[in-house]
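Chain lettering (A, B, C, D and E) follows the sequence in which the chains are written, and residue indices restart at 1 in each chain.
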Amino acid sequence: MKERHGYKMKLKNHRGFILLLLLLIIPLVADSNYLYSTLVIIGLYAIIVQGLGILMGYAGQISFGHAAFFGLGGYTAAILTTRFQWPTLLALLASAILPGIIAGLIGRQTLKLRELYLALATLSFGILVHIIFNEGRELTGGPSGMSGIPNLSIGSFQFDSDQKFYMLVWLILLMLLIGIYNLVHSRTGRALCSIRESEYAAENAGIDCARLKLHAFIFSALLAGLAGGLYAFYVTFISPSPFSFHTSVQFVLMAVIGGLGTFWGPVIGAVVVVALNELLREIVPLLIPGAGGEYQIIIYGVILVGLMIFQPKGLSGIGQYFRIPLKKQLKTDVKIRG
Amino acid sequence: MGEQLLQLLFTGLTLGSIYSIIALTLVTTFNVTGILNLAQGEFVVIGALLAVSLQGTGMPMIAVFIVSVILVAILGGLLERLTIYRARGASNLSMLIITIGLSISLRGLALLIWGTETYSLPAFSEGGSIIVGGAALNPQSIWIFALVAVTLTGLYGFFGHTFWGKAVKASVYNQTGARLQGINLNTISFLAFVAAGGLGAAAGVSIGPITMVTYDMGFMLGVKGFVAAAIGGLSNVGGAVIGGILLGILESFSSGLISSGLKDAISMIILLGVLLFRPEGIIGAIRERKI
Amino acid sequence: MKKITMRLRSKLWLVLLLVLSLLISACSPTKEADVKSAGGNEPYKIGAVLDISGNSSSLGVPERDTLLMMVEKLNANGGVKGHPIDLTIMDNKSDETESVLAVKTLIEKGALAILGASSSGTSMAMIKTVESEKVPMISLAAASSIVEPTSERQWVYKTAQSDIVMINKIISYLKKNNLNKIAFLYMNNSYGDNGKKAISAAVKDSGIDIVAEEKFDANDKDMTPQLTKVKASGAQVAIVWAIPPSASILTKNFKDIGLSIPLIHSHGVGNQKFIELAQGAADGVILPIGKLSVTQQISDNDSQKKVLESYIADYSKKYNAEPNSFGGYAWDAFNLLVNALEKAGPDRVTIRDELEKTQGFVGISGVFNMTPQDHNGLKEDSAVLVQVDQGKWKLIE
Amino acid sequence: MLRIKNLGVYHGYVQAIRELSLEVKEGELLAVLGANGAGKSTLLGTVAGLYKPTAGEIIFKGKPITGQKPEQVVRQGISLVPEKREIFSALSVLDNLMLGAFHRYRKNKPVLMNDIQEILELFPALKGRESDQAGSLSGGLQQMLAIGRGLMSRPALLMLDEPSIGLAPLVVREIMSILVKLKKTGVTIILVEQNTKSALKVADSVLVMERGGITHSGNSVDIIADSSIQEAYLGRAR
Amino acid sequence: MLLELSGVTKHFGGIAAVKDIGFSVAEGSIVALIGPNGAGKTTLFNIITGTLPPEKGSIVIKGRDIVGLKPFEIASAGITRTFQNLQLFSNMTVLENVMAGAHLRSKKGFIRSFFTFPGNCREERKIREESLALLEDIGLVETAGLFASELPFGKQRLLEIARALASHPGLVLLDEPAAGLNPAETEILTVYLKELKTKGTALILIEHDMQTVMEAADRIVVLNFGQMIAEGTPAEIQANTEVIKAYLGEDEKIA
């Protein structure tokens, strides 16, 4: 759901960004590699889920195959640097572009499908790509994966520490956030929303739905690929297993938990899911002595179900509890107009 | 060569019987509640694991079958009341995610109770495989087909010929309309999940002897069932069965004749083809025209 | 306008809250295995990253159980030179990304060394971190690429026999019995893949031909199609690189379709479960295996016999179940580390150096002799060939 | 017959009905008129149990039915023919009618068939199309089917929400004449209409709603005479 | 002529939904399309807007044949529409609905949308002001900040009309704009439609409310079972016996 002040379009609310920036400085003080790497992972997921959020939340097109783009990005970076000795920065660029191109190729046909059928089609695409990772042994190293991916470097500057990587990833994310903020508050954002609401009416209002959906799909694939490339350079080892169907589901969960069609939703979703996982790993053994992963899994599932029951619009919708009753709302609207 | 093809066909039928029983349970819930229950695979696993435990107490197999069906049916109903019922009115996507959450929790529960070990269940009938024309057919798959046939007949009978069946169908087509006629949707959704649990457990106990049982195999079974159901048109019970058998045969022949590593790829390509060119499924189109 | 700010703020509070809780959690104490007894000396912190849930949980769980048992026992006996061991075990859910996060947490908390992970992929994902942070790590997984090339794996060791050890055992059996047309079937994951790589390398120039090569998925429910191809290929023997349940299903299918050539499995099926699941079809299966499963049958002169017996006794007493080779890997890793700790004290660099100097360490999987070029240290004598006979392992040598 | 006291209903943050009281006498045909968003459909929906009231009481035949679910309300003898008709478009006409009697018969097929015959007599246009799919019917026939289905539960009170919407003038007249026929059989009817003229032709008494409350009520003759209402709801004299 | 139809034909499963339809709409005029339910009126709308392809016939707007174009291309050729079953963007505000309707009035694409160039802001401001003015005209400006789903039904109908007008089309197809409106509201609508006409927007109107039709329409086209049975001025149609028999009914007195 789009925020109600959508028609007040000026970038008056920089506050969200400022707070985010402040928050991002805290870890620099804390100086903990664990925190950095958790934040790197969160940042990577947030990049992916931002793209997925545009696709799902705004354009209303579900995808259960984004782990494939994530993986395609990762493998592109890995293969280009280890097998063809490309410079890392160039490989990173390619890791975003290639998934984008593939999305462009498959999108036109696939995006004609709706809802569950689209979910199924993207799911099968995801599984197909995963099989290719496993089977393309000469190129991908098969199930055992590839190691020896170099560190990302710009000139002689190497992103070799968690801290540097943390800053890189969140800088990229921040820039993306600003771009996406502009996007969703623009003509294009509005057109995307109208596709979600009624493709039929949107088309009759002169919006080229097929093209716009394709653009959103390509965009989300680009972001997933970029995150994949960053992942490969960060972990320096890559194998098919992190790019399975489970991961695609995880991305959808993040998008939905954060809140579809909201600006901050994807970031919130990525933070919450990763943080929840980490927290459960820490807290559960304290509460239930001797507990292993099984309790974590159960609790994670229960929290997920609970969220969907009590907060089906996602966490970023929590703000609605503070909503001013409609009457006042109406008055302010009139005043703004006057 | 002929012998080899026959063997592949038999294997395909065995796999197909597994996929179709799961697709059948998925489609039944989907038809009645509009919810694609991704926890269906977990019902299957829990049914089978319960059967393993019950069988350990020395119960006869028939009693084991019945008790685990009843227990999982209760579990299905319970979960519906606890989750789906409370979330009623939420979007399809929310419901889908609720079932994902359920499947995650159930998997954790199974891990907690039964651990990571793999269990086996005894076949319904004694004796090894039946040799036909030099190829071996697993007798358990005949049992599974019997279960599929019984379920299918039951479903057709219920929806086609009973007043209640029509009421359920009506509630699928138009919820408000159904409520205004006095049809209680909550009861129907509840019963659908009871049925899903029971059928899932029945499927689990009968496929267990072939597949073995581990706590985490539900997800993969669910996905395969999902694919089979989609090939059959997602809302068509007959289609689900045919889709399942087709998927099984496809997998068997592609791994036997082409490459075992690519068999899933081939079935995915078929699925994509079906979705893009015949989104109603292979059977759906025919049925739709009849109406 | 007010409302909007309010909504924004409420959302951001949430983010703030979560990030804060993350921070707190990063600094809070975690689950600790018993740190009782052992005089007031400061405990030695070590960490373990295991695949306790997820795909490879059948590996991680016995490893966790073994480690918990070992720590308890060690601390009850006074720990390492009076220092109790403070072991933190983390579950990576068989996921590589989680593995990276877990190992970083442990290093952050001052772990002197890392045990794990359980499978090759999750172990590989951790290597960059331990190499750059300079923390010794002992993997429990088999793939030789974990410790090779040692020039890039200064800090990484492993306790499971490399596939080549097992393969060589099989090759010599084939040669002895004049079998030179083999069919190779393997699981389509890194375990099977490593087996495949090892055997392709081993049969080169040995006069043995691979006449059929088939793979199957860990989730597959019926391997008859692959076996049908094997049947048609004229192979004299079938070698399978897989773990249960798929290995058991395959064995059942093997018998069902009436294949009568010898069936050789890998050490991946080296537990009673495999036989149980194959429901009688396992009889006659030959496989290379660590000595743990046939402890009673090995000669009393074998240097490992005593160690094996005591592990079995301890484990069965505590968990009322037979230990398996995965637990054995954990046993070896833990004791190798304790040995190094005893000599080196709480210093990562010296621990690494001591690990590399390990000679003649008698463990569950074999006798370890580490060198700067060999971070596994096991030779062919660490494995034996066994055959399943009426549901029991029988030593054949 | 039906008494409503101080009813209040919210849709989210919007109060759709406020402090509404009314009474319907047995055997009468009450027309409810009013602008869009006046709360007419909400009123019917609330009586039928589709919406939960936040305040007030609904009493039917002396029994309170406030807050009951639709499936319970219909058992009390109240039937709603909703604005969107909500027929089961993929089922046959016959099945639609049968399901209208869902809570009454279930097993007693002869009685059921007899009832269906009666309904078909009332709507001769549906005759011969029993096995057609309901969705394939024209708008007018669908409306008749919806009314027929509503009657299958043998209601004491029949509520119709804009039965004339989207229908050609000819068909509207046919439906109105059926309502008159029905009234003669003793069924109490509440008719919500935008088509003021048609409604006033058949109604005994009339309610006019505005912003969730009642502004005028009386018998139809008086209302037609009231010039202020003329202006607001009937349009200029035309 | 703004729009010219000739020989437009479409079958559904053997039954002619529309057959051999041909009429034309002059610039700035109102044509009403009447006929019993199921006569093919909405089907004709779907064909004109490109949602359904016709089997035969030509549809020419301003001399350009638009058969085979996609709906959005037809919209950019200057034809927009409203829907019988409302197709509002429910989870967007009233203003956003209209601004989305004005999609064709601006050009910014996917990539440019990421940046806040001054040109983008200017374009955005222009669209917003135009849309607010449109809402002012149709009487919805006070609800600009509400979600479309929060409007009462009648206002939703008006909003749909506003959205259809937002791209400044030459021709708007209105599918039962008065359905669900009471006579007083209908009257306001009728006045508004006539006003639009004087501003130069042509309309095709499907409507059952005969008063509106007779009052607003310049010409009336009557369909029955997919065929055109009459075309003419309101007076001609009212006198046409075939129309009376098929649709209006004998005793209906009109105006």
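Convention: a residue touches a chain if its C-beta (ideal position, glycine included) is under 8 Å from a C-beta of that chain, and two chains touch if they have at least 3 such contacts.
In this text the structure is predicted, and so the values were computed from the model without any measurement.
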Look at the interfaces B-C and A-C and say which one is made up of more C-beta pairs in contact.
A-C
Identity of the chain that, by mean CA position, is farthest from subunit B
E
Using CA atom averages as chain centres, what separation in Å is found between subunit C and subunit D?
73
Gap in Å, rounded to a whole number, between the CA centres of subunit E and subunit B
48
With chain centres defined as C-alpha means, what is the inter-centre distance between subunit D and subunit E in Å?
31
Mind pulling the residue numbers of subunit B that touch at least two other chains?
108, 111, 261, 264
Where in subunit C do residues touch two or more other chains at once?
53-55, 57, 61, 188
Shared-contact residues (touching 2 or more other chains) in subunit E:
150
Subunit B touches which residues of subunit C in the complex?
53-55, 57-58, 61, 188, 214-217, 219, 221-222, 224-226, 228-229, 231-232, 244-245, 248-249, 255-258, 273, 276-277, 279
Flag every residue of subunit C that touches subunit A in the complex, lowest number first.
1-12, 14-16, 18-19, 21-23, 25-28, 30-31, 52-55, 57, 61, 64, 90-91, 93-98, 100-102, 104-105, 107-108, 120-121, 124-125, 127-128, 132-133, 143, 145, 152, 188-190, 192-194, 197
Across the complex, what residues on subunit B touch subunit C?
4, 7-8, 10-11, 14-15, 18, 108, 111, 115-120, 128-129, 131, 135-136, 138, 207, 210-212, 214, 216-217, 220, 252-253, 255-256, 260-261, 264
Going by the contact rule set out above, which residues of subunit A touch subunit E in the complex?
1-2, 4-7, 9, 11, 179-180, 182-183, 186-191, 193-194, 196-198, 200-209, 212, 215-216, 219, 261, 326, 329-330, 332-334, 336-337
Which part of subunit A faces subunit C closely enough to touch in the complex?
3-5, 8, 13, 15-16, 19-20, 23, 26-27, 30, 32-35, 37-38, 41, 134, 137, 142-145, 147-148, 160-162, 231, 235-237, 239, 241-242, 264, 267-268, 271-272, 275, 277-279, 281-283, 285-286, 292-294, 296-297, 315-316, 318-324, 329, 332
